[in-house]
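Structure provided below as structure tokens; questions to follow.
Letters are used for the chains, namely A, B, C, D, E and F, taken in the order the chains are written, and counting of residues starts over at 1 for each.
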Amino acid sequence: MFRAVASRGVSRNLAMTQPVSRRFPTPAIASLPVDIRTRILAVQEKSGFVPNVFLTLAWRPEEFRAFFAYHDALMDKEGGLTKAEREMIVVATSSANQCHYCVIAHGAILRIRAKNPQIADQVAINYRKADITPRQRAMLDFAMKVSAEAHRISEQDFAEIAGHGFSDDDIWDIAAISAFFALSNRMANVTDMRPNDEFYMMGRLPK
Amino acid sequence: MFRAVASRGVSRNLAMTQPVSRRFPTPAIASLPVDIRTRILAVQEKSGFVPNVFLTLAWRPEEFRAFFAYHDALMDKEGGLTKAEREMIVVATSSANQCHYCVIAHGAILRIRAKNPQIADQVAINYRKADITPRQRAMLDFAMKVSAEAHRISEQDFAEIAGHGFSDDDIWDIAAISAFFALSNRMANVTDMRPNDEFYMMGRLPK
Amino acid sequence: MFRAVASRGVSRNLAMTQPVSRRFPTPAIASLPVDIRTRILAVQEKSGFVPNVFLTLAWRPEEFRAFFAYHDALMDKEGGLTKAEREMIVVATSSANQCHYCVIAHGAILRIRAKNPQIADQVAINYRKADITPRQRAMLDFAMKVSAEAHRISEQDFAEIAGHGFSDDDIWDIAAISAFFALSNRMANVTDMRPNDEFYMMGRLPK
Amino acid sequence: MFRAVASRGVSRNLAMTQPVSRRFPTPAIASLPVDIRTRILAVQEKSGFVPNVFLTLAWRPEEFRAFFAYHDALMDKEGGLTKAEREMIVVATSSANQCHYCVIAHGAILRIRAKNPQIADQVAINYRKADITPRQRAMLDFAMKVSAEAHRISEQDFAEIAGHGFSDDDIWDIAAISAFFALSNRMANVTDMRPNDEFYMMGRLPK
Amino acid sequence: MFRAVASRGVSRNLAMTQPVSRRFPTPAIASLPVDIRTRILAVQEKSGFVPNVFLTLAWRPEEFRAFFAYHDALMDKEGGLTKAEREMIVVATSSANQCHYCVIAHGAILRIRAKNPQIADQVAINYRKADITPRQRAMLDFAMKVSAEAHRISEQDFAEIAGHGFSDDDIWDIAAISAFFALSNRMANVTDMRPNDEFYMMGRLPK
Amino acid sequence: MFRAVASRGVSRNLAMTQPVSRRFPTPAIASLPVDIRTRILAVQEKSGFVPNVFLTLAWRPEEFRAFFAYHDALMDKEGGLTKAEREMIVVATSSANQCHYCVIAHGAILRIRAKNPQIADQVAINYRKADITPRQRAMLDFAMKVSAEAHRISEQDFAEIAGHGFSDDDIWDIAAISAFFALSNRMANVTDMRPNDEFYMMGRLPK
């Protein structure tokens, strides 16, 4: 019963004038393997819509599974970084990579997780001027270097970030989130993945 | 029985003077979840040694699983690209990212898959001068643009590569391999992952 | 009578915890020459707040007058470019220059002028993927080249943009807006000029 | 009477084989608003020729007025920087922007103001090797960073330049001159504005 | 007899307050091998002064000999390029490399060989705007690509330059001059070689 | 007698399917001036083959002589740098310049001189991660800066490298080798000079 409703919701979404991806075909929900369909419907149930990244990547079920397993391992993890801080890394590096989908979608999540309607725009435009703590600034400096020139990461970079109280575990997280979205940004840019309209306003108004 | 022998092999490997990663701890094989240990031992059985990427990433079992699932989905796939061509993409983009581990390790695999002892060095140094076909050159041009500036990939880039006979499926593969190693290169550079000594000579001599 | 009220409004604004500029002193409204004070109060009357660019630049009355005279000559002009298109140029080039103030403030104006709540974020992140016409895309290609490497603008660039129907007058406007915000972005970045809170939500909700 | 003579001089200038701008029309002096015509004739009276920037920008009277008001506010100002130092900023940043007109014209002014026939060429080619004081070197380091990457100007940059004895007022001047010529260089490059022949030799010979 | 006089001239030159190189010792003329001393005195006899490149490089006699043999083979050669055109290549590429010595010294030679007092400044600042022929523009486009990114020189670049009538011999000359000054610029920059005062005015006044 | 044999060897070499240079004609050995022919035959006698750089550059005998005189003065010199260290500079800078010939050929020489089969690949891919001493790392940092941005070499760079015990003579050597291969890399890239097959395996196996 629920699935039927949900599927209709998805279909409606797919019937929009704006495509999910402008460059690759989007599979029909009904055609997807059950685990992927279940995940998509669960997201829809929770969010009220299906973020286009799910529909675009579903064209390749195996890659879809690996992508979201990796994503969840990094972004839903407990640890020294808050969930808002993890999203800051995503927004800052995705903006440097000019990734339309990732900045809009993760900007929304950042606003919600940080309970701050301005933070995503600030981090996206120039994180050096954002209203963040010096520790968060050091975190983003490291993440941005991993994103742009990981081959130059040196002992000095490790010493600096450790000096802000980040553990080895935290540093791995910062690097891995930056690295994972290096992948994600490229896929979104190549597929010309369109951010859902819903993301633009999420977290901008007080609840 | 086999496991005990294999484990000893791994331990010996770990006891080398050269570390696996210079920046993060390498877990003991015995401490790893069974699926990861099994995968590592299988690789050792096949290759005669454990490539350091397995030991470095095993520090994070969930990420390990997602990483290799993603890797296998892209690199062991049948399709319009040969396995050697997939490795060419890895070597060219990893060299642009100055990734020590990936160029050495995948250079070895490329030599073997292409049955060509010179191809990896050529592709790594300047793929524009390598002994490859015009179609492979177009494939690498696209892959390199995804790697370096995916935000500029345009309809014209799609038209050019399609003009060389690559299907939508092939183009996704090219982009996804480039994107996946954008992640991989960054992790290898941040962890200062060391290529195993065995890779340097693999595929350089006729069998 | 009105001025007294307005001044109080300004003072309240200035008393916020967030500074107008983090690097240079902000003059008291009462201390400003009458023409500048009048302009500031007029803006406040119209907008409901004083955009921080007015307060920051008022430290230098002569430069203030020249700056806004230049701005108005380019942005309030009738001509072949709509006002929304002029703001697109500002948002695209200011984002490339990572100018916090200009992207937030002119993003707001762009949303209002284009009556489109998504356009500013799209143009800021990657104008190549924004929902704009091919003519607007050509306009932004030219503007971005003026912003980033005007020394390479060639006859071919002129031919291409003229091919989209832009007149000499329009091309001058595109170039001059891009050039003016090259100045403006640098001043905003050096002064660490803070965008007013009001800009973030302007034009995001239907009236 | 004087005006008639001056106008003739200007016409002769316009009749040269070399155009003032290769891309936009140059207005006839007689057609210009009286304030602009007066300014142009005054410059001619003083210099013996009309610098092409006046003729090129006169196509747009409002922008002309704002441009020169801004220019004069920054360049003719008294303050912590000498007039020669202000011109050094122009020459260094205009050379980095490969602005033909600005390097030649302001190189001439720099030679005259510094009473030094070599300084302009030195500052244009590589200011790090010019015969200038450490304080001037710090001034140009700051100006060049504003010109090339103002979004990275940090507290450390402010501390360094303040350490050379520059006041807040001086730092604003340095930044504003660099920012103003970011605009000016772009306009000169887009219009392909030609430096007058007279500039090349000015200040090269002892008076 | 002549030598004694000449030597005195050189000594006077060396006694100037400005050093020849700010970073390496300058050998005494008398201490140099006879062939090098002879060459230096011949240059002095012809030019009236000893260009500092001779004194700086004389610290290493073998390299001195190879350097000037290479230089002469390329610059004094007859062929499809005029001597002025050869100097244009030097000035354009040396300016891109911000080489103080080479731009000033070869700018002087270019003015003399082209009998044009403006050409060197134009080519140094932005050769795309210089008063040169389309063929010379194509020559400099090729030379600049060799200088900045020779690894991207492609068949298309060869086709374009050949289309302007350059022979294989000419193309080699263009490339080799650009390559030789890649060496020369780096040596001059590292040694902080100072251009002689005489160069600044050479070729600027009609004879 | 010997010459005939040698010449035949060279001819066989020239008759290979792979050209020596893909862009310029390769002269016949017999047609070369005797000194050049003698040098080439001596190299062949010693190495067992004629490295293609000799055949490519022999098209221009005067440049050939200057090139190898310069090369020998820098690379065969005794001094503070070992011969292996000199080759490290060549490999690191040639890799940054994406020079196919130089990385392959000098990589071989580096392996032999350092008696280390891995060092060349390590230095080529990312010298910051190579198994070298801190002193060698400082040497390569300096060499790479000379190669990429010699105009920014500063007193601080000199102080740092001198702090590792390099003398003025050594620093000149480092700079001059980097500068010489700036020339060499450009010539090899423009001529599309092909590395001989023999280089790929040299020094990879224990003798």
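Note that in this section a contact is a pair of C-beta atoms (placed from the backbone, for glycine too) under 8 Å apart; a residue touches a chain by one contact, two chains touch by 3 or more.
Since this is a predicted model, take the numbers as computed values, not measurements.
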From chain D, the most remote chain by mean C-alpha position: B
A-D or A-C - the one linked by more C-beta pairs in contact: A-C
Residue-number overlap at the chain C/chain D interface, same or different (half cut): same
Inter-centroid spacing, chain F versus chain B (mean Cα positions, whole Å): 29
Centre distance in Å when chain A and chain E are each reduced to the mean of their C-alpha atoms: 54
Gap in Å, rounded to a whole number, between the CA centres of chain B and chain A: 25
Chain centre separation (chain A, chain F; CA means) in Å: 47
Contacts with 2+ other chains: residues of chain A: 98-99, 126, 151, 189
Pairs of chains satisfying the touch condition: A-B, A-C, A-D, A-F, B-C, B-E, B-F, C-D, C-E, D-E, D-F, E-F
Partner chain D, residues of chain A touching it in the complex: 126, 128
Complex contacts: residues of chain B adjacent to chain A: 23-25, 59-60, 62-63, 65-67, 69-70, 73-74, 97-99, 146-147, 150-151, 153, 158, 168, 172, 175-176, 178-180, 182-187, 189-191
List of chain C residues in touch with chain A within their complex: 18, 95, 98-100, 103-104, 117-118, 121-122, 124-126, 129, 131, 189, 192, 197, 200-201, 204-205
Residue numbers on chain B that touch chain C, as the complex places them: 151-152, 154
